[in-house]
């Protein structure tokens, strides 16, 4: 295996593009090092992007934030601006692994590992986050949702890598939440998960919502029916029940060592309802603070 | 004579008797007498047996004394974790 | 010898909490574990493992691997000679497949190379031609008369008929007239309960450094619970003499029974002999899960009859245990333990042993008992609910006590079950109200405890300090406890004693650190060794004073004239006698060798409160209290530690831990990610109450404490969850999908 | 195979080593620098026995490539005591009997030190969650938590 630590994104893209064998990007390494030891083995080329300027920065941009591809969970969790604007994204990211893993893992890595059970991805999808991709032909922006296409596979072309992820501005009375189910309190992969991002109007009616589900299909699901169940309501019991039904209906899970189809369908609905309530309460608090 | 309790799955070797009487003064003599009087027990005794004598489990001590009125229970070889 | 004639009850050091002697080494990273030693010229070993659960090995071609630069030796089963049938042969055949691979991960060949990287690369070059055979990993499937035969030739003469050759033995225990007993019952409950195979989960993978010459002389450094047993196994498997193989036990990173046998050492030694270099072999975590010794999985039919006032009239159980592709003793230990907590007129427990295509089970903390007692305690709990009776009262009413004929045969001497139950009943935990969605459960637990072959020597150094040499790896603070017992007996400060764990050539034979035997048996031998040294010191004092040996007594670390008639001599301290020992006859030492019998059984009761999220099936353990009879707690911190650690392993077993095999016979969760042991945030404080009902067989009354604590959590938590959700749970682990399904099924 | 040259600070000492690109920081610490206090319990970031800090962040050294340590400041358990003076956490672990076999102890101490640097006054729940990635199979964690809480109190001067 060759290791390279280029200092510019262009160099990184060129190295990746010109590699004749398997080439992988190294950011936090918390997935790839495990795969190297217990899975597919080492790639022919590993391109470490952490020495590229800006990769570890969180930068304000148009009222939102751009998060560099090498920003760790611990760093994002310490960023007051992101915690206030997109608490659901931060909490999803912080759920990944242990404190030790938090010292290294990245949003871009979690996204590009393309696991259906990735914790940060449903939250990013609900946040309508946009990835900035650098490749041999320059930069392009792509909605986060379009990057994982099946377990372990992304839509990125040869030589392309995610350099940053942009989280947009949002109104004061908006917030988000993410919940996953795991059998222990920590250290597990999500059995199923739900992210909810919503915006309320002045009297507390939900006027916009995104509901995403994790670990219940080959990729993260963005469920419009579930969002529609919330929009126009004040998240009363009927709306939440409709949300749950829409989420269960949208699931297409598998039976595996972590859970059953039936369990995932049932619990996804429970999580979506709970996440919606949390997002609602956060939005109300945030609106109050900014009023 | 000493009364020796035999566990259930061995009783095919003792004509169904749950307790047999043997002439013995210690652990080893009990085993020797059992093999002599009940040859069907030999396979298990070869694999290993322990013995509870008056409430105390002896894993393998040949010379643990047995009195005529002792409570003697044959057990499979005992080991732990 | 069972009854110690010189029991001591008035202690100065026993029962205090001094600092452990290996503390600084272990908090600074200095302590040397199995993988921490290296040697000049050392090679690295890796093992090629079967990807199939059951496959005939048609051929193994190592030529390409041999040709790889850096590869120094390759071995297969063919490198080991013929040997006598028995456990050592089973151990060998479990490590490296002979004619066929018997489980997913079964070793097939091993390589020693100049680096781990080269060794791994060499594995990829070994070509194995397999003929894949049908496999069977589950109990029922393996018993079917049409099942593939896993490993022929193990059927015992008493094996039940009508099943496949995988059903190899039956062991049943009990007494009384079951039919009459059940006839007296007002209610009989029958139920089948299941438990999954679990792993000891020690954090340190198996590791060793082996060096063996062509002359059969060797050195082995390894993490093991028993250096002497490893020596015996390796010598037997490699055909060398025990005296020529010195085995040194490293510091050990957890064992819990799982390091009582060999998984790598014979391979590393064989590679070393063939390569002519020292060889280091370290398993990775995936190999530990796949190819060490997990515990059995079980299916247990229990039938218990009870009168409406809570008297158990009869109990019957059939236990079906699978422990992989080789025989085990866990099954009969389970059958003996199942009803041990009860005083019953009619009882029977029968253990059926089933072979499957899984790794050979190894001991795991009270092997066989947790699942058996789980099944019984769940059914007793169900009967308590049936009659609206307090579960502690019912257990007190039926508790085994002194004079009870145990379900496994003998009559109990002094035992602590009643005292333990009474302590639980009086504890605030039992009387604290529960909140919504909460449930409380309890269970009794039992373990025999063992003694065994033990050898201790003790030197009274010229400077007045004492060195104790023993032969059992220190798995949880035993060097501290042994030093305390030596100091207590000699009447000197704890700090003046240092205890070390010796290699196989530096002390007499010692059995494996198992059966909770060390504090009991090594402690007993240490006390006796000290008494031997004291006798010698009294003799030296008598000679010094010119009086009769009988006229000298030992008190508070001093030889003293026995009374006014003996003479008015100033007492001589241990230090003074030691300093003058060259003048009085030379070095003074004590030693004791014994096959220690008389280990006292230990009972415990666990009390647990849980809260279940009825929408997700998630169980949170809210409060946990352990009550256990320790006989006498030598170092209470480490007694509490055993009680807490066992409880938490049991919590893991009850809620989340399990071996999951796929339809392909492969282990699906060979890592700590999906084999889910409890983490710190899963748990509340684990409160402990130590009871001390002295064991008549030990000078200080010690009972083993290490194992009993893993027994009660399974049923205690199952009972608590069942109370909380109003449905009887009958399978472990009670993972959230199982609990949610049970809730849903009850609602339908 | 060409070795990579890496310069890093390890426990405050300037250190150079050669490694393969695929070597983990853990294997270099243990096998090349003879710092065997960090242990490999799993090799997949699930047990925490290999915990070290890298540029002040707590990490699993099994999930860091040795080449990534170029220019980094690494601290391991071997750097915790100052000479013969133990860190309060180390002392409290011995006093509270917070270890049985001790294999997880170096990783837990490194992790706990990292917690107390960030949060000198943690709650018991915070300690439990911070240490969730450090498996201990012997103690049930009880005495470990007590030791960390007591060390934190002492370090605060409470």
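Assorted remarks:
By written order: A, B, C and D. Residues from 1 in each chain.
Methods note: a residue touches a chain if its C-beta (ideal position, glycine included) is under 8 Å from a C-beta of that chain, and two chains touch if they have at least 3 such contacts.
All values reported here derive from a predicted model rather than from experimental measurement.
Number of steps on the shortest path from chain A to chain D, with steps defined by chain touch: 1.
Contact count check for B-C and C-D (C-beta pairs in contact): higher for C-D.
Centre-to-centre separation between chain B and chain C, using Cα means, comes to 26 Å. Between the Cα centres of chain C and chain D there is a gap of 29 Å. Averaged Cα coordinates give chain A a centre that lies 44 Å from the centre of chain C.
The mean-CA centres of chain B and chain D are about 55 angstrom from one another, to the nearest whole unit.
Annotation for chain C: residues 256, 284, 671-673, 678-679, 681 touch two or more other chains. The residues of chain A that reach two or more other chains are 37-38, 185-187, listed in rising order.
Residues of chain A touching chain D in their complex: 1-3, 5, 26, 29-30, 33-34, 36-38, 42, 46, 48, 50, 72, 74, 97-101, 103-104, 185-187.
On the chain C side of its complex with chain A, the touching residues are 284, 286, 615-618, 655-656, 660, 668-669, 671-674, 676, 678-679, 681-682, 735-737, 740-741, 744. Per the touch definition, chain D reaches chain A in the complex via residues 4, 20-22, 24, 43-46, 48, 51, 54, 57-60, 62-65, 67-68, 70, 111, 114-115, 129-134. Every residue of chain B that touches chain C in the complex is listed here, in rising order: 5, 7-10, 12, 18, 40, 43-44, 47, 52, 54-61, 64, 71, 73, 75-81.
Of all residues in chain A, only 37-38, 181, 183-189, 191, 256-260, 262-263, 266-267, 270-271 touch chain C in the complex they form.
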